[in-house]
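The following pair of complexes shares a single chain, subunit A, combined with subunit B in the former and subunit C in the latter.
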Partner chain A sequence: MIFNTFPFLLFIIAIFCLYYFVLNENTKRQNILLLIANYFFYGWANWRILPLLIITTILYYFLGLKIEKSKEDKKKNIYTTIGVLFGVGSLAYFKYSNFFITSFAQLFKSIGLQTNLHTFDIILPLGISFYTFRLLSYVIDLNRGKYEVTTDFVAFATYVAFFPCILSGPIDRPNTLIPQLTSKRIFNYDLAIDGFRQILWGLFKKMVVADNIAVVTNEIWENYSLFSGSTLLLGAILYVFQMYADFSGYSDMAIGIAKILGFKVTVNFKYPLFAQNIADYWRRWHISLTSWLTDYVFMPLNVRWRDWGNIGIIFAIVTNFVLCGLWHGANWTFALFGLYHGLLFIPLILSGTFAKKTKIHLTKSGMPKIKDFGKMVVTFILVTFGLIIFRAKSINQFIDYIKHICSSSILRIPKVIGYNNVTMIFSIVFIIMMITLEWLNKDKEYGLNISSMKYRFARYSIYLFLFILVYYFGADASSFIYFKF
Partner chain B sequence: MDREKIIAKVQEIFKDILDEEEIELKDNTTANDVDNWDSLTHILLVVAIEKAFKIKFTSKEILSWKNVGEMIDSIQAK
Partner chain C sequence: MNHVNKIMMGGSVILGLLLLLNLSTPYLYRSLPNDYERTEIILDSLSDNNFKPTIAIFGNSKAMTGINCKILNNEMISDKAYNLSGVGQPLLESALYYPYLPASVNYVIQCLNIPMFAKKPAISSEAALSFYMYGYRYNENLNKFLSPYLDNYANKSPLINNFQGRACLKVGLSTIIRKLTDDDAPGDEVSSLIYPYLYPSNRSELKYERDINQLNSDVNPLQNSELNKECISLIFKLNNYFKHKGIKYFIVLMPENPDIKHTHDKITKNFIQSIENSLSDKVHLINCTSILPNKDFYDAQHPNRNGAEKLSKMIVSHIKSI
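Here is the complex of A and B:
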């Protein structure tokens, strides 16, 4: 079920009414309702993937209890290892087995050996990358003694399958969500209104900004050999905004829906387009994933290689980012995307600016100072290049795309075909609107957080205007880019 | 070495590595309470502490500390 569709609207209204009015704000009953809602939501697209989620949840629930009850470290480690192997194993099977098979077949072919390997017909369970990461952090942190085990199965299962976040994150840690699930939730007017506002902002980013850009970028990418270098460059730049608006728009909706139900979930984006270097960018982009990887991949490697100085840090960060790339899917382009970002950290590590928190210095008019603006532009260019690798279907296509950009046609005026030129101009206007509001509210949780605005009339005018844009310019409900990861 | 002395010595290491003069460590201090103490500087701190006390922590110890108190416990236990 996609958030910006009619069935979801009916679904959320039904949940909302039952949750607050029928169940009388009784926590246990609310959780049972949420759990049923989670499975209904998850099974809506394809009910056959539901048993895997339920079985996995039961397994980790019992592993958690076993880890907690074991007195010896050795036993704790055994149960944790089972959890890690099962999680990584199911990801490997469902996401990567065909990739390994075709890569091996190609490798053998390149050295002159004929193989008879066949790929499997595997359905990728939706959200598997997201819920597996939740479960892995659960067993690892229990083993590290970071928190106590959850004995309440309904609360645990609701955490794993929490419907606003199961398909595309944010990836909440157990200690963010489980304590909220076991405490009383009464209707909080301010939080709910904040949630609605954030959903509106998410709808605008997804349906107005991202989906209109998608019309243009899809055309450019599908026929890139027909267009001028300048058009391809514009397509690459537009894709950065599309990707951001699509994914952060989804996160805003997910966080907003959770707020209506009385939950505060993890923040996932902090205005990454205003980042001043690549480390800063990753501290602001898909935060729940990067902080997960920091805790469970980068830190253990960094601890292990700590006596190697900078070399150890570099190896740890590059490994971390290659895995981060591959997390997005089974394709060499994603591995290259990760490697590229990992390598971009090297100058920052060597110069010691890696760990330093950046701050945007402003002029009197509230604009960034020229030096900081320059850093933002450089970071944006680096990110754009990375997303060309990310968007390409293969490494060859990526190289081809770059070659086309670097041709003499880079000097022509960028142009697509027919009516899409109008969509392109509208898209640019929408991007400017989004960036302006986000810049003005960059200290707030999200771009439309204008509750402190003095004039109620101005505030409501902005909401109404965004509604009208969503209604008239919102493309049909299309899937979210991050669903396929 | 008694606990007070260990904390004082660790505090000096923190000041030196994090380049911050005003750090006061207590048992319940966490990374959130100290500027510049993040995943990267954490490793620099660990390496410096290991050198200063001539000890070696296990990976699990380092990854399990919830606050300064638990870190001091590990040093004391060596």
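Here is the complex of A and C:
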């Protein structure tokens, strides 16, 4: 079930009414309702993958209890290792087994050995990357003694399968969501209104900005050898905005829906397009994933290699980013994407600015100072290049795409075919609207957080305008880019 | 006002707004340009008492670019031919116009692409929507054998139709902007009922090459396909319908571009043979599949003006031979 569809609208209205009007203030019953809703939502796409989620939840619930009850560290470590191996193993099987098989077969073939390896016919369970990371952090943090075990199975299972976040995140940590699930929830008007506003913003970003850009970028990428270098460059730039609007739009909708149900979930994006360097970019992009990787991959590696100085940090960061890249999917392009971003950190590590937080300095008119704007542009160019690797189906296609960009046709006026030229113009207008609102509200949680705007009429006019844009310009429900990760 | 009331009121405002946008959609649809404007032009012409064609041409964009009624009118002086084809107009969509043809019509020329014979008769939801928006009334006489294929379009709720038509603002603005900015945008000729040629410029080799490569990389769409019995049966029923009215019904198999490899392979040849075997005894069939060389195509699919001249003359010679 996709958020921007009619079935979901009916689903959320039914849940909302039952949740607040029938089961109001009864936390246990509200959680049972949420759990049923979670499984219904998850099973809607493909009910055959639901048992895996339920079995995995039960397993980790008991592992959690065992870790908590174990007095010896050795036993705790054994149960934690079982949890980590099961999580990583299921990810490896469902997501990466065919990738490894074909990669080995190609490797053997390249050295003249014939293999008889066959790929498996595997269904990739939706959201597996998201709920597995949630479960891994649960057992690891229990082992580290960061919080107490949850004995309430319903609350735990609801945390794992929380429907606003199960398909594309944010990846909430147990200490963010579980305490909210076990405490009393009554209708919070201000939070709910904020949630509605954030959903509207998410719908605009996804349906109006991302889906319109997708029409253009899909045409360019599918026929890239026939277009001029300038068109390919524009396609690459537009793809940055598409990725951002698509994924952050989904996150806004997820966070907004959670707010309506009385939950505050992790913020996933903090205006990454205004980042001033790559480290800053990753502190703002898919925050719940990057912070997860920082805590469970980078930090342990950094500690292990601390005696190597900067070299140790570089190794830790590159490993972290290669894994981050591979998390997105089973393709060497994703590994290269991660490696590329890892390598971009080297100058920052060597200059000592890697962990330094940046601040945008503004002119009197509220625009960024030229130096800061220059940094933003450079970061944007680096990100654009990275996303060409990310979007390519293979490394050869990536190289080919770059070669075409670097041809003499880069000087031509970018042009696609037929109606898509107009869609391109619309997309650029929508991008300007999105970026302007986000820039004006960059200190707020999301771009449409205009509740403090002085003039009520102006505020409602903006809501109405966005609503009309979503209605008339929103493409029909399409899947989200991050669903496949 | 408590919070529940506020939420209820907010919800009502949103629902009211949605309803307003929904109900205003047909007006926007009709007042802005879109790809189905020809539906309106054809329906308006058919309801005009002064519109008295003797030859009516139906078909999709291949028929729009491929049949020039000026040539038909010059060659058959006593007749008045009109091209009532439209973009993506399949047999079923053409059939929706049949009951409204004036009594003056003597010949109906239905142009069809070969792959259409492998599919169950259908109409796209966009086309069905355009019929609704332009106020089409489903005809009882014809409905009895068309209704199984109409997927309840005839009985769909107006609210759902309006919701599905909401892209009209985007399409309308796109069409206006495209006309202002794009040299390749279809010109005003597209609304002609004589020769609605779609293309203002010459063939774009870039687009041509892309389309040909794309089609040549695909497998033959007729692979493992058989003649669809329902399609053949519908043609027979429509033929009888016209027979009773004293109208001669022609089926034209439209030209295929020889640059597309699978248009002249064994699978396609056998398929065309099976169409001829099924239809030629009972229906006037004109096979034009291989009459045009590649230079007579504007793009991978559509004949250009030269191609239209040859095709139109071939149709004239067939009509005259009867």
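Rule of thumb we're sticking to: the second predicted complex is superposed on the first by the 485 of 485 C-alpha atoms of A that agree within 3 Å, B and C clash if a C-alpha of one lies under 4 Å from a C-alpha of the other, contacts with A are read in each partner's own complex, and residues count from 1 in each chain.
The rule we apply is simple: a residue touches a chain if its C-beta (ideal position, glycine included) is under 8 Å from a C-beta of that chain, and two chains touch if they have at least 3 such contacts.
Please read all numbers here as calculations on a predicted model, not as lab measurements.
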Which superposed partner A:K146 touches (first subunit B, second subunit C, both, neither): first
Partner chain(s) touched by A:F354 [first = subunit B, second = subunit C, both, neither]: first
Touching partner for A:I313 - first (subunit B), second (subunit C), both, neither: first
Touched partner set for A:F298, first subunit B, second subunit C, both or neither: first
Where subunit A meets both subunit C and subunit B, residue numbers: none
Complex contact set, residues of subunit A against subunit C: 187, 189, 192, 196, 223, 226, 417-419, 421-423, 425-426, 464, 467-468, 471-473
Interface residues, subunit A side, partner subunit B - complex: 73, 144-146, 294-295, 298-300, 302-304, 306-307, 313, 354-357
Footprint of subunit A on subunit B - complex, ascending: 36, 38-43, 46-47, 59-60, 62-64, 66
Residue numbers on subunit C that touch subunit A, as the complex places them: 3-4, 6-7, 10, 14, 17-18, 21, 166-170, 173-174, 177-178, 181-182, 184, 206-207, 209-210
